[in-house]
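So, here come the structures, one by one.
Here chain A shows up in two complexes: once beside chain B, once beside chain C.
Let's turn to the complex of A and B:
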C-alpha cells in the first residue's frame, strides 16, 4: 500500500515535466492498447444513447426516431402523476434499503467465516454449496420458496403448527412479503457475492498474520486488524456500485413472488413498468422510466463516492 | 493504489473486450443467419416482382406472388411441397411465407417493417396495433364492398354469424382495413373430480346454491379419504363461473389476477367494464363468503398453476381442490371413452400421471339467482387478417387473397388442405376427427397452416365436427371477448385500472377490506380514468358501428 502511494505521489511530478502531449508520446504503447477498450465503450455504450431521445417522443418503431413526434416531458409527467407512483417508488427504496442492510454485509461475513476454516476440503465444499443457488433462475427459486412457505404443505408452517401456532401465508401476507424477498435474495446471492472478497483475502501478505501472531493477536484480533483492513478497498468499491442499484430492483425476483395481495408492499418500479408496458408497446414511457432511474442511480453513485473519498482513500474517483 | 487500480481496470477491460468480441461473434453470426434469408427473400421478391411486372405486361399469365404471415410460428414454405403446389395452381399464385423469429416476434416484426419490408397478407394479433400499422403505412385499405363482391361465400357466413361487431371490427377512421372471421369459440368448461363426487354420493351441481353444497362437502367430508381436513372446493380459475352466474365476464388469466383490459359487450351492444358493474358486488360477496367457509383455497393468491404449461392446475392435479375451469380440449378431446388415453388432453395426462385413480366429469356452469350463467370465452370474431399497402395497391393480389378467403368458406376440401394438409402425410382421420401427424415449423414448411383462417364457424362445423360438437355439448353460455377499438384514453390508464382492481378484488375476497369498500373502489376506478376510458371506448365503438351502416 505504501509503495503504491509513493508512486501515486510521483505521478504528478512526471506529468508536470512532460505535459499532456509529452505523456501521450512517452506512453504511446499504453494509449494504443487503450484504443480497443475505448472504442468498445464508444460504440456499444455511448453510441446507443441517442436512443434515449425516444423518452421525449411518442415513439413508433415503424416511424423511427426521425419520424416520431416530440412530446417533451409528457411521459415523465405521466409517470410522476400516476396514482401508484409514490407507493411504487417507496416500495423500491424500502426493499433496496433492506437488501443493502442485510445482503450487503452478509457475503463479507461469509468470506471471513470461510477464511477461518482450516480444513481445506470442507472449505471448498462449503464454498461450492453456497454458490449453487446463484445458478438457479428466479422462476424456479420462487416456485421452491412458495412451496416451502405454503401454509398447508410447507415445512415451516408444519413446524409452526406443531408448536401450536397458526400457519402464516408468508408470500401473500403484506407484513412478511418484504422479508421473503430479502431472505430469498440473501440465500441466492450470498455465496456468489463472497467470491470477490475471498479473492481479495487471498492477496493478503501471510507475513502480516505471522507478525500479528508474534504480537499475540488471537483469531478475532487477526480478523479485525489484518483481514478486514485488507478488505476495506474492495468493500468500498462494492458499496459504491451497490448504491447505484437502489432503484434497479430485481424484476425477475419480485415479479415471480408478487400477487395482487402484496402489491401495496411489493410492487416496485420494474414490475409496475412491466404492467404498464405490456398493455401496449409503450417504448417511450418505459424509456422515460429507465432514464429517470438511471439519473437517480448516477446521483447516488456520485454521492456515495464523494462520501467514500471524504472518509477513506479507496473511492472510485 | 492507483497502479493496482489501473492494472485491475486494464484486466477488466481486456476481459470485457474478450467477452464482447466473443459475444459479438455469436450475435453477429445469428444476425447473419436470420438476416440472410430475409435479405435473400426481400431480394427475391423484389426481383420476382420486377420480373413479374414485365411478364404481366407481356402475357398476363404469370402467377402473382402472394406472401403470407399468419402467426408467430412461421416458416418459409418449400416451393416443391405438394400442398404448396396445389394451392398455387388453384389460385394461380406463387405462394411465399414470411419467417419471423417467434422469440420476440413483435420486436422482430417491427424491425422488418422499419426496414421497409412487408408481406402481402398479415394477421394482426391485437386490434390495438391496427392504428399503428395503418398510420405507419403498413396496412392498406380493403373496402367492404370489394370483400362482399369478390368473396360472396365469406360474406354470407359472416352475415349469418355476425355477433354485432364483425363487420365493424377492422374499421379505423371510417375506413375498413382487412377481414375478420366468425370463429367457433368454445367457452370454458367446469371440471369436477368425479371420484370425489362418487365417494360422497353427490351429483354434479347445476345452480350456484347446489355448487355451494357440493363444494362445502368437499371441504367438510374428506373426499380424498386421507382422514385429514386438507381439501378445498375451488380456486381462482373457477371465479369466472361465479361472475357468470351474475351475468358478468371475468378473466383471471394464467397468473392470478383480473384482466381488466378485457371489457364486456352488453346486450344493448354497448361495451362496459364488468368489474365496476353493481352486480360485481354480489359476485364478490359470494366469493368472500366461500373464502371464509374454506370453499376457496386460501392459496388461490399464489395461483392454481405453479409453473410449466399455463393451463395445468397443480391444485387440482394434487387433489387439493375438486373443481377447476379450462377449455374442454385441455383435458378431453371427446367423452366417448374416458379410459382411452388417446382422448386425453395434456392436463388429463398430467393428472392421470400423478393420480391414476383420479376421474373427472364436466358439469354445467352454475346458474345464478336470476337464472344467468356462463363462463368466459375467446373472441367470436377473430383472425384479423389484413392486406399490406404493397398488396392492397395491386388488384391481382387483392383478387387472389379474396379468392383464397372465399374458398376457405366455400370449399371444405380446400379448407382442410390449408389447415390440415394431406391425409396420411400431415394428418390421420380418426373417429374423433382429424389428428395431426406433424407439428410446428416442419408442418408449416410443407405449406400447411400458412394461408388458413383458423377455426372459423364453417370450418368447425364441417372439417372438425366431432371436436366442435363435443366442445359445445359440455359447455353452455359464453361471455365472449370483445375486440376493444383502440383509443388513447383507454391505453393510457388501463395498467393503473388493472392494479387498482386486482388489489381491491383480492382484498375484498380475502376480507382484508370489507365488502362495502366496493363503492369506494368504483369511485376510485372512475376517477383514475376508468370513466373517461369507458366513455371513449363506447364512442369509438359506436362510431365504428355507424360507419358500417353507411
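Let's turn to the complex of A and C:
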C-alpha cells in the first residue's frame, strides 16, 4: 500500500486522484507545521488589510467596522484638498528623491572603491566599520548624529567657526533638515548596502579581467567594462526594491529627528499619519492616507519590475 | 593606450601608470573618508559620556577625552527605569528570537518541498504581505481589539517572523540535495524524523543568520512600545533612551512627576551603554549576517 502511495506522489497527476482532503491527510505533518506561520500572516498581515475598510467609513472605535457608517470615497476626496496632506506628500517625495539620488548609488561606488583596495586587512576593517551603523536603532543613531551636529561641540560647526562663519544648528534649521535626513540615512546604510554588490563582484570570472588586460584595458576600463556590467542585474533588482519605497518613508528615522520647527520641510506621510491618527484619533482619514500610499507603492514596484523585465532579464519575478 | 599594449612581455610587473595612481588615490580616499566619518561621531559620543560638565560646555572639538569624569555613568547606574528596560529588552530579544526562529523553520520546511500541493498559492499568500500592508492605523486598532496593548506578547506576536527570513530559510532547505531525504525515507524515517535528524543539524548556518536578524530587530525595536504600551514596567531600552534624549519632556513621561533634567553626559552615557552589547558581539557574528545577505541576494 505504502509504496503505491509514494509512486502516486511522484506522478504529475497526483492532485486529481487524491483530491483536496486527500492531499491534506497525505501531507498532514507538513500542513500542521505550516499552521503557526500562516496564522501569523493571516492575523497580523491580512488582519490590518481587512481593517483598511475603515478608510471608506466614518469609523467609531465603539461601533467597530461592522457598525460604522460607510461614506465611500469621502476621505480620499478630502486628501487632496487638505493643505497639510499636500505639503506632507511633497516633503515625502522630495526626501525620497534626494535619498534615491544620494543613497542609492553610494553603496555601488563604495563597492567599486573597496574592490580596488589590495590591502586585505584594511579592506576587512573598513567593511566592519561601515557595517556597524546598520545594527544600531534610529533612536541611538539620531542621538549620535544630533550630538555630532551640535552647534557648540560638533566638529563641522567648530570648523565653520574657525573659518569665521556662524555655527549652524543643522537639525533645527528647515534649510538643512532634509540634508540631515539624507546624510544620516547614508551614514547608516552605505556599508550594509554595499554587501550585495560586493557579493556580485566576487562572482565575476577572473579570466574576464585577464582578457581585458590582454586587450590593453587599464584599471578604469576594467571597472567600466567588466565590474560594472557584472553589477547591472543586482542594481536593477535593488532599484526595483527602492522604487517601491518612494512613499514608504522611514518613520523610525524621521520621527527621531523631527521637531516642530522642521515640520514644514520634514513632516512625511508616516509621521503625519502617526500624529493625526494615533494622537488625534482621526482613524478613517489617516487610514485613507495609508491606503493611498500603499496602493501607489505597490503599483510602482509592479511597474518598475515590468519595465526591468522588458529591458533585460533581471526582474524580481 | 597603444603604448600600454607594447610591453606585453613585462605585463606582469609593469610600472604603475598615472591611471593606477589616480584609481588608488580615489579608492583609498573614498574608503578612508567613510571610515573616518563613521568613527568620528562615535568618538565624540564616547568622549562626552566620560567628560566633566566644564569640558562639555566648552566650545571646541570633543573627539578625544582630555579630562575624565564618570558622573554621567553614575547617574545612569542609579536610574532604575533604565536598567529595568534593559532587562525587558533582553527578555524580549531572547523570547522573540527563539519563537521567531522556531516558527520560521516550521513554516519554511514544508514550503521547500516541491511536491507539496498548494505550495505556490501559500508562497503567494506570504510574498504579497511583503509588498502590501494594512498600515499603521488598522494594525494599531487590531492590536487594541486583540487586547494585546500593555502586554508583553505585543513585543513578540506581531513581529513573530518576516517574509524575507522565511524565504531565505526556504531557499536554504531547497538548496540541500533531495537525495538526503530519499535515503532517510528508504531507511524508514518519517517526515518529522527527516526534519529533526537530517535537515535540522544541517541548517545551523541559516539558523544563525535569521536568529541574528530577529535578535537585532528586537534589540532595536521601540515603535511597538510607543504605540501599544503605556505601562512603565514594560518599557524597552530604546524607548527609554528616546525619552532620556528628549530630556524627559515627552507626553508619555507624565508619570515621572519629578522632572529630572538629563545632562548631556548622562544622555551620551546611556547611548554608550546601549551600544556595548552590539559592539562587543558584532565583530564575532558579522560573518553570519553577511552570509545571510549573500543568500538573500539570490532572488526568492
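Assume the second predicted complex is superposed on the first by the 223 of 317 C-alpha atoms of A that agree within 3 Å, B and C clash if a C-alpha of one lies under 4 Å from a C-alpha of the other, contacts with A are read in each partner's own complex, and residues count from 1 in each chain.
Note that in this section a residue touches a chain if its C-beta (ideal position, glycine included) is under 8 Å from a C-beta of that chain, and two chains touch if they have at least 3 such contacts.
This one's a predicted model, so the numbers in the text were calculated from it and none came from an experiment.
Peer 1: If you stack the two complexes on chain A, which partner ends up touching A:261: first (chain B), second (chain C), both, or neither?
Peer 2: So A:261 only meets chain B here.
Peer 1: Of the partners chain B and chain C, which touch A:54 in the superposed model: first, second, both, neither?
Peer 2: second
Peer 1: Report for A:136: first if it touches chain B alone, second if chain C alone, otherwise both or neither.
Peer 2: second
Peer 1: Quick check on the superposed pair: does A:105 touch chain B, chain C, both, or neither? Answer first, second, both or neither.
Peer 2: neither
Peer 1: Quick check for you: in the superposed arrangement, does A:36 touch first (chain B), second (chain C), both or neither?
Peer 2: Touch status of A:36: both partners.
Peer 1: In this superposition, which partner touches a larger number of chain A residues, chain B or chain C?
Peer 2: Of chain B and chain C, the partner in contact with more residues of chain A is C.
Peer 1: For A:275 in the superposed arrangement: first (chain B), second (chain C), both or neither?
Peer 2: Once the two structures are laid over each other on A, A:275 reaches chain B alone.
Peer 1: Just checking: does A:147 make contact with chain B only, chain C only, both, or neither of them? Give me first, second, both or neither.
Peer 2: A:147 contacts both chain B and chain C.
Peer 1: Touching A:179 in the superposition: chain B (first), chain C (second), both, neither?
Peer 2: In the superposition, A:179 contacts neither chain B nor chain C.
Peer 1: Looking at the overlay, what does A:44 touch: chain B (first), chain C (second), both, or neither?
Peer 2: After superposing on A, A:44 lies in contact with both chain B and chain C.
Peer 1: Which chain A residues contact chain B in one complex and chain C in the other?
Peer 2: 33-34, 36-37, 40, 44, 61, 64, 139-140, 143, 146-147, 152, 278
Peer 1: Please name which positions on chain A make contact with chain B in the complex.
Peer 2: On the chain A side, the touching residues are 1, 4-5, 7-8, 11, 33-34, 36-37, 40, 44, 60-64, 78, 82-84, 139-140, 143, 146-147, 150-152, 169, 171-172, 233, 259-261, 263-264, 267, 272, 275-276, 278-281, 313-314.
Peer 1: Where on chain B is chain A touching in the complex?
Peer 2: 1-4, 10, 13-14, 16-17, 20, 106, 110-111, 113-114, 128, 132-133, 135-138, 230, 256-258, 261, 298-299, 301-303, 306-307, 320, 491-492, 494-496, 498-500, 502-503, 505-507, 510, 512, 528
Peer 1: Under the touch definition given earlier, write down the residues of chain A that touch chain C in their complex.
Peer 2: 9-10, 14-15, 23, 27, 29-31, 33-34, 36-38, 40-41, 43-52, 54, 61, 64, 109-110, 112-117, 122-123, 125-126, 128-133, 135-140, 142-148, 152-155, 158, 161, 187, 190-192, 195-196, 199-200, 213, 216, 218-220, 223, 234, 237, 244, 251-252, 256, 270, 273-274, 277-278, 283, 286-287, 290-291, 293-294, 297-298, 301, 316
Peer 1: Could you pull out which chain C residues touch chain A in their complex?
Peer 2: It is residues 1-2, 4-5, 11, 17, 19-20, 23-24, 26-28, 30-32, 34-35, 37-42, 44-45, 48, 56-57, 59-63, 103-104, 106-107, 109-111, 113, 115-118, 122, 125-126, 129, 131-142, 144-146, 157-161, 163, 166, 190-192, 216, 219-223, 227, 238-239, 241-242, 245, 264, 267-268, 271, 274-275, 278-279, 282-283, 286, 289-290, 293-294, 296-297, 299 of chain C that touch chain A.
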